[in-house]
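Going by the order they are written in, the chains are A, B, C and D; count residues from 1 in each one.
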Amino acid sequence: MSAHQPTAAERFLQGIIPENPIYRQLLGLCPTLAVTNGMRAAMTMAGATAFVLICASVLTSLIRGLLKPHLRILVFTLTIAAFVTIADRFLAAYMYAMSKQLGPYIPLIIVNCIIISRCEVCSSKQGVFTAAADAGGVSLGFALALASIATVREILGAGTWFGLRVMPAVWPDWVVMVLPPGAFLTLGLLLGGANWIRAAREKRRGASRAA
Amino acid sequence: MDWIGSLVLIAVGAMLINNFVLYYFVGICPFIGVSRRVDMAFGMGLAVTFVISIAALLSWAFTYFLLRPNAPLAVAVWEAVSPGSAANVDLSILSYIIYIFVIASSVQFVEMYVRKFFPALYKSFGIFLPLITTNCAILFACLEILKRVAGAKPAEVWGLHQALTLALFGGLGFTLAIVLMAGIREELDFADVPVHLRGAGITFIVAGILALAFMGFTGVDRSLAAVLLR
Amino acid sequence: MSGWRDLRSGWLVLALALFFGAALAGVHRLLAARIAANVLHETLSQIPALVPGADGGAPVDIRGRTVYRAEAAGRTLGWVVPSGGQGFADRIDLLIGLDADGSTLTGLYILGQKETPGLGNKIIEEPWRGQFRGKSTGQPLVVKKGDPSSGNEIRSVTGATISAESVCGIVNQTVAEMQAALAQATREEPDR
Amino acid sequence: MSGIAAPEASPGPRLEVSPGPHIARAGLTTRRMMLDVLIALAPVTAVSIYLFRWHAILQIAIGVLGCSLFELLFARMRGRPSPLGDLSAAVTGLILALSLPWSAPWYVGLVGSLVAVGIGKVVFGGLGQNIFNPAMVGRAFVMVCFPAALGAAAYQMAGDGAAIVTQATPLTAAKQLGQSAPLWPLLVGTVNGSLGETSALGCLLGGIYLCLRRTAAWRIPLGIIAAAALLGGIQNLAAPAAGWTVLHHLAGGALLFGAFFIATDPVTSPLTPRGMWIYGIGIGAMVMFLRAYSGYPEGVVAAVLLLNGATPLIDRFTIPRPVGGPVPARR
């Protein structure tokens, strides 16, 4: 590996905020909108996605020397679909109620662009350790993004967080927040907020460099 | 009339009430990515509708004959290999893998076919076809069909006509949503949208308002089917 | 590229397919029973609440319909019938408890629904669905706004009449079908 | 549609027809137009205050003050001058308040104002650039958000004020109980309903004023009323309901209020006469369709939002071609 290649630790940190899959890259939006009406569902989804992403990254990294260019995507898809099936069955066996609640969104991890893009961009070109660190970082970034959206939606929409009451009893639940329109509006506004924070930080950094 | 009622229920549900994009959030990537121009959006919508219908046809056939518990073809194969062992054949664990290959190959096939026989059409929407493989709307339609074929009670197992209705009207609903969005986004090119909300942010907000408007259709499927069943 | 080389370069895919096939077969072997038990448990665990006195049950097939016989000490106390239909927003799936001859409702449980939160989804709450307990199945149930006055009336859900009527409709239809099936089953096997 | 075959059919230069910026329609006359709308809303406002007493005054105060406050706040956040002078926030707030039931809790109007101004207007760049009618965005949001406070049952809460406030609204009564109201109260407005929608004559009076002043384009309300009357007539022929005539279809519910005061918002409606007809007829047909088949008793909010969303497309396909037709392809 050449000197300018990012190290495993850098890869890990990159995925969390600077290259956050949701806020920066706008990937994997389908589960981001669909399962963020509560923290439990969102975190289960984040866990399942992390499992598939890390397993698929490690495996593609292991076999990266054997990959033929024209069969690459086929191999990735096969790998991801197999791991998703495994995750799906484990959820159905050990978290049946949650698996029922998440419904089709667990199998839809197969077409989550985050995973295939990490396989393509990173793990098919890097060592196992780096690939795993990258997958871990991206998973963490994905989990944080889901948590931010789910926090807003669950607290406003149901007055709870992880199912525990956090709002005072007089709080009138904003039902729309746990329904589809609330998902779109929350993500839209949070994206604007994230851009604003980033712009403000860059401006400050630019100002301090000038001074 | 009974089956017309059931088809209306599925069609209206898939297109308006439980719109693939605005209710189930599937197909968001092209909805955000290819909604800058109305003609492009329309092409994408048609391409998705086309592929989704073909994928639904194939996945229904696979599910019905091979993947559901005690599917006829699976049982026949088991019987042929070792007679008497087919009491409880269930290949549904292979569903996801088979669907994703069905989708990938139908996209390939559609691309080849359109390029060969409709070059003009290919020129305008051929570029979208490779993108569609990772469009979750298509896998979602396959999964809905799986639920209605493998998970349903014997009397409620979906036939091919129901699967195709879901796919066709789901695709048309996607087309409707993406074309509306593209019209709005063309208009927004002239608007003074706050800089941090430009692009994806405002698109999601518009989608949220459209989703609110589409909630007005709640119950329409039920009433229309009731009228037809009467 | 020739066909033969295509095939040769595909060995990795074949190997992976075999590997994943084996892995999935293993997962299936390991978990299938447990998943099936989860599905069954979802219904079986409701039997004591749906049919008073019953402590368990088993799925049986009555004229092509899977229902659950609610038992105590081997005696049939009633039936738990899974059913479903269109609600206000989406499909409603429910379990209906009936006594042994199908003449009285003994309980109602909502397995799955997507009715409006805070309004239509009140159908899942005990104060509303508890009304069905003890209702005679002699005549169809009807939804009434305000307090029910006669035996076959069910109080509506405030602001969500359609959800309430949907549930009542599903119950009425299922009970009618079940009664017919029970009558026919008894005629065919008089000793049961 | 045209986009698919176009590159093949015309190898010549492609002409792009794009809708003109909306800003041209706001400008100097905004304040006058908004003042006109406020004047036109006076009759229905008076009727609602007469019927619902301090409930109506409270809702209107919350709506107008809420919208103005949020407008000011967001302008401050974006570093823009205060836009309150153009009165558009007041109009949004008044329409929002008039579309609520008398019994709505105070936070409904406040949340509605926040969403109407914030999500309906400011995120699009402010007045003149919004795609959807702000008051209807706010109304739709609270309708889905607080179903218990805004559903059909909420109108019938026991309360003080006149006796009508405990009746079912005419549409709810017709839809759920099959009862029809006598026509005269529907016209005058002595029935239950959202604050501003009860009086058909009040809506007509204000609406005709708006049309005469050319603040509202007459084609839009006419299209809505014509489509609703036609479909209502067909519905009556197909399934006659005792005493529920075409006039009931028009006067019961929010159809006239929506037709004159909401659908005619020049920012969110089409620019061309042909487009206005399509838009108006579309809203009227959609309202009747949703009333007949959706789970909600009324469909004006959803119909207006849907056709607002389709307005860019309507404009796109009805903007006139250049004189002499499209440029022919060169051989």
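Everything below uses one rule, namely that contacts are C-beta pairs under 8 Å (C-beta built on N, C-alpha and C of every residue); 3 or more make two chains touch, one makes a residue touch a chain.
Fair warning: this is a prediction, and the values are worked out from it, not measured in the lab.
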{"item": "Chain occupying the most central position, where position means C-alpha average", "value": "B"}
{"item": "Comparison of A-C and A-B (more C-beta pairs in contact)", "value": "A-B"}
{"item": "Gap in Å, rounded to a whole number, between the CA centres of chain B and chain A", "value": "23"}
{"item": "Centre-to-centre distance between chain C and chain A (centres being mean Cα positions), rounded to whole Å", "value": "35"}
{"item": "Centre-of-Cα separation between chain C and chain B, whole angstrom", "value": "28"}
{"item": "Euclidean distance of C-alpha centroids - chain A vs chain D, Å", "value": "40"}
{"item": "Where chain C touches two or more other chains at once, by residue number", "value": "20, 24, 27-28, 88-89, 116-118, 162"}
{"item": "Multi-partner residues of chain B (at least 2 other chains)", "value": "93-94, 97, 194, 197, 202, 205, 208-209, 212, 215, 218-219, 222"}
{"item": "Overlap residues in chain D, where contacts from two or more other chains coincide", "value": "119, 123, 141, 144, 147, 295"}
{"item": "Chain B-facing residues of chain A, complex", "value": "26, 29-30, 33-34, 74, 77-78, 81-82, 84-85, 88-89, 104, 107-108, 110-113, 116, 176, 179-185, 187-189, 191-193, 195-196, 199"}
{"item": "Touch list for chain B against partner chain C, complex", "value": "9, 17-18, 90, 93-94, 97, 153-155, 218-219, 221-222, 225"}
{"item": "Chain D partner contacts - residues on chain A that touch it in the complex", "value": "172, 174-177, 179, 181, 185, 188, 192"}
{"item": "Touching residues on chain C, where the partner in the complex is chain B", "value": "20, 24-25, 27-28, 32, 64-66, 86, 88-90, 162"}
{"item": "Of all residues in chain D, those that touch chain C in their complex", "value": "147-148, 151-154, 176, 295"}
